[in-house]
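Below is a structure I'd like to ask you about.
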Amino acid sequence: MLEVNSIDVFYGDLQVLWGVSLKVNRGEIVSLIGPNGSGKTTLCKTLVGVLRPKAGSIFFIGKRIDQLSTPDIIRSGISIVPEGRRLFGNMSVKENLELGAYAAETRKNVDDALEWVFSIFPRLRERQNQLASSLSGGEQQMLAIARGLMSKPRFLILDEPSLGLAPKIVLEVYDLIKRIREEGVTILLVEQYADKALENSDRGFVLENGRVVLEGPSEKLFRDERVKKAYLGE
Amino acid sequence: MINIIANLFINGLLLGGLFALTAFGLSILAGIMKVINIAHGDFAILAAYLALTIMRFLRIDPLLCILIVAPIMFGVGYLFQRFTINRVLPKGANQPVLVTFALSIVIQNLLLLVFTADARSLTPNYLLMSINIFSLSPSPRYLLGFVSALIVFSAIFLFFKKTYLGKAMRAVPFDPEAAKMIGIKSEVVYNYAAGLALLVVGIAGVLLGMAFTFYPDTGPTYVLLSFGVVVLGGLGSLKGSLVGGFIIGEALVFGGYLFGSCFQLMFCYLVILVILYLRPQGIFGGKL
Amino acid sequence: MARLKNQYLYIFVILAFLVFLPLWVGGFLRDALILILLYLAAAEVWGFMAKHAGIVSLGQQAFIGVGGYATAVLSMYYGVPMWASVMIAGLMGGGLAAVLSFPLLKLRGIYFSIGTFLVAEVIRLFFNSWEFVGAGKGLIFSTAYYVSTLILYYPALVLGVFSIFLVYYLYHSKLGFGLRGIGGDEDAASSLGVNTFRCKALCFVIASLLTTLVGAVNSIHHTYLHPTSAFSISWTVNFLFIAVIGGVGTIFGPIIGSIIFVALGYMLSQYLGLSLLLEGIIVLAILLTFPEGLWGVISRKLKLKLKPPL
C-alpha cells in the first residue's frame, strides 16, 4: 500500500534521512522504532507532505505522492496523529474533530464521520463541547487519534502515541489501535518504546541516525539481540 | 449634572462600539498573522473616500455604499496579504513596520493627490437630527456606528464559530504546524483572514466617514486609536476589542468635555501611553 | 601602515574640500548642501538605531520640532546667543529622550515604534495649542534672519560629518557590540549579561540629541516654525527614505540617499504630496525587492568589499 523508495530528506542544508526505504501492506500494523533524533518524526512529516524528499520517491496505492501538497495527500487517504498530540487547545473537542476533516472528502458529511469516531471513542462524545486543553493526557491522545480518523483515512500514521501517558492508558491506546485496524485502517506506528510497538505490530523497521538498520517481522525483531540491548533494556 | 454625565457616558459607549469595530480589523491581522499594520487607519480612510466616489456617481445612501466598498476592501486585503505581508514576514521583525509605514504614506499622498486636502464627510442629513430618549440625547451618528458594530461583530462571531474557514483561522495561529499536518494551508488562510480584516476595516471606515469629517491624513489618528483599543483589549479577542473600544470611546468623549476639542486627542493618546506603560499586554493579555 | 595613512589622507582631502566648498558655489547650492548635510546627520543615526539596535523610531520628528522651537524661544524670548541656544536646545532634546526612554524602551518591537509615534503626536498637539509659542499660527524666528547661509553651512557640515564618525565609532565600540547583540536577539543578549535597557537608552539619547541639533540648525535655516511642519511625520518618512535607499544602517548609504532626496525635493517642489508619494513607493519597492538599497547594489556591482557598518 505504502512504498517509500530510498528517500533523502533535508532540513535546509542538513541531511536527516539517508536512503530510507520501507513498505507497508494493506491491513498491516507496521512499527517504526528508533532512538530520539533518529529521524522518525521527520519521516512522518515527509509522508504527509510537510517536508519533501530531495531524492527518492513515495508511492501510495500505486500513486506517487512525495511531491503533492498535504491536503492532496490527505485526500488520497493518509492521515497523521502528530507527535505530542498537537491539539488546538483553544478550541473544543468537537471543533478539533471537525478540523480533522478539513482537507478531506468527509468534510461534506462531517456528522457521519463524527458519529463513526464517537462510536470508537465514547468518552469524547461526552466531552465534545469541552475545551481540548481541559482534557486529561489520555483523553487528549484519544482526541488526537480521533481527529486523525475524521478524514476516514485508509492509512494512519501514529507518531509516539504512548508518549507521556500512564501505563494503564497506554494499554487503552493500544486496544484502540487494534480496534482501528479492525475498522479497516492500515497503521504505521512510530514509537520510541519498542516493546509495546513490536508486541502490537506485524512487522517493524529500526531507524538509527537517519538510516534503516534493521527490518523484519516484529516477532523476530523482538528477539533480536541488538534490538533487545538497545531498546528493550536487557 | 447627572444628565450631562449620563449623556457623555452613553455617547462614549456608542462611540466605543464604532472604535471597537475599527480596531477589530487591526486585531485580526495582529492576532492571526502577528503583524501590526500601520496603514490600518489609512485603509479605513481609503474606504471612506471610496464610498464618497461611489456616492458621487451612483447617488446612493452611504450605508448602501458599504455593500460595494466591503467586497472591494476584501479584495484589497487579500492582495495586500498576498503581495506584501507574505513577502515581508520571514525577513525580520522590523520589516513589517517599515513596509506598512511606507504603505501608509503612499495611501495618504495618493488620496491627497486625487481628492485634494479639502475636508470631506459622508454624513447624510438624517444623521444630523437629534434623538431624545428618556431625556438623554445620544448622537445618531454614534448610535448608527454602535448598532452596525454589533451586527458586524455578531456576523463575525458566527463566522468564526460555525464555518470551516473561521475555525481554520482560529487554529492556524494557535499551532501552525499542526494545522499544516491536518491539511490546512496557512497561506490561504492568511489571505482570507487579511481579506476579512480589511473588509471590516472598510465597513468601519465608511461608518467613520459618516460620523466625522475626514482628510487624506486622518488615517494615523485612527490607527493610533485602534492601536489603543487593541493594546487595551488584547490581540485577536472579540471581547477585548469591545472593552478596549469602550474605554477609548469614553476617554475621547470625556476628554472632549473636560479639556475641549483641542486637547481631546492628546488626552486620549496620553491614556493609551499610560496603559502601554503599565500593562503592555493589555487587560485580556496576549503577547504579540 | 601605508594603507592606514592613505585612508586618513583621503578623509582629510574630502574634509578640506567640504570646508571650502561653499566659498565656490552660489547661494542656491549652499541651501541644498545644508539640507543634504542635515538630513544626512539625522538619517545616519536613525538608520543606526533601526538596523543595529533594533529600535525603529517613528517619532524623531518630536526632537526636530523641540530642537527648532527651543532654539527659537531661547534666542528670541530670552536673548540667548544663537549658538548657545542651539547647544542648550540639543541638551534639552537629549534630556527629553532620556526621560522618554524609561517608559518607551520597556516596549518591544512595533509597540515601541507606535509608542514613539504617539509621543510625537502628543507633543505636536500640545505645541499646536500652546499660545506661548504661537500655537497654530506658528512662530517667526526673527533673530535667525541675521545668520547667513554661508555661516550656517558650517554647523550643518559639523553635524553631517560628526554623524558619520559617530556611527562608525558607535558600531565598533562596546556599546555598539552590545546593541548589535540586542538587535539580533534581545533575550539572548540579555541572558549574556548585556544591560539591554542601558544600551538602548544610551543609543536613543545620543541619536535623539543629534536629531535635536539637526532640528535646531534647520529652524535657523528655515526661520519659520509651525507645529504641523516642525512635528510632521514626513521627517521620519524622509529619514526612512534616505536610510532605505542607501541600505539601512550603512554609513555611505545615507550619503547617497540624502543627495537623491534633496534633488528629488527640488525637482518636485511644486507638486504637493507627489514627492512623499514617490518616496513611499520607492521605499516599498526597495524593501520588497532588494532591501540592501542602492548602496548595497552599487557596492556589490563594484565588488567593493566593505566591512560593516560602511
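Order of writing sets the chain letters: A, B and C. Residues in each chain are counted from 1.
The definition used in the following text is that a residue touches a chain if its C-beta (ideal position, glycine included) is under 8 Å from a C-beta of that chain, and two chains touch if they have at least 3 such contacts.
Here the structure is a predicted model, which means the values were calculated and not measured.
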Lowest number of touching-chain links that must be crossed from chain A to chain C: 2
Most central chain, Cα average position: B
Chain pair, A-B or B-C, that carries the greater number of C-beta contacts: B-C
Greatest separation from chain C - chain, by CA centre: A
Where chain A and chain C are represented by their mean Cα positions, the distance between them in whole Å: 58
Gap in Å, rounded to a whole number, between the CA centres of chain B and chain A: 43
CA centroid of chain B to CA centroid of chain C, Å: 32
Of chain B, residues touching chain C in the complex: 36, 38, 84, 87-88, 91, 93-99, 101-106, 108-110, 112-113, 117, 220, 224, 227, 231, 262-263, 265-266, 269-270, 272-273, 276-277, 280, 288
List of chain C residues in touch with chain B within their complex: 50, 54, 56, 58, 103, 106-111, 113-115, 117-119, 121-122, 125-126, 128-129, 233, 237, 240, 244, 272-274, 276-277, 279-281, 283-284, 287-288, 291
Residue ranges of chain B touching chain A (in the complex, touch as defined): 164, 167-168, 170-171, 174-175, 177-185
Residues of chain A that touch chain B when the two form their complex: 45, 48, 50, 69-71, 73-75, 79-80, 82, 86-91, 95, 98-100, 102-104, 107, 147, 151
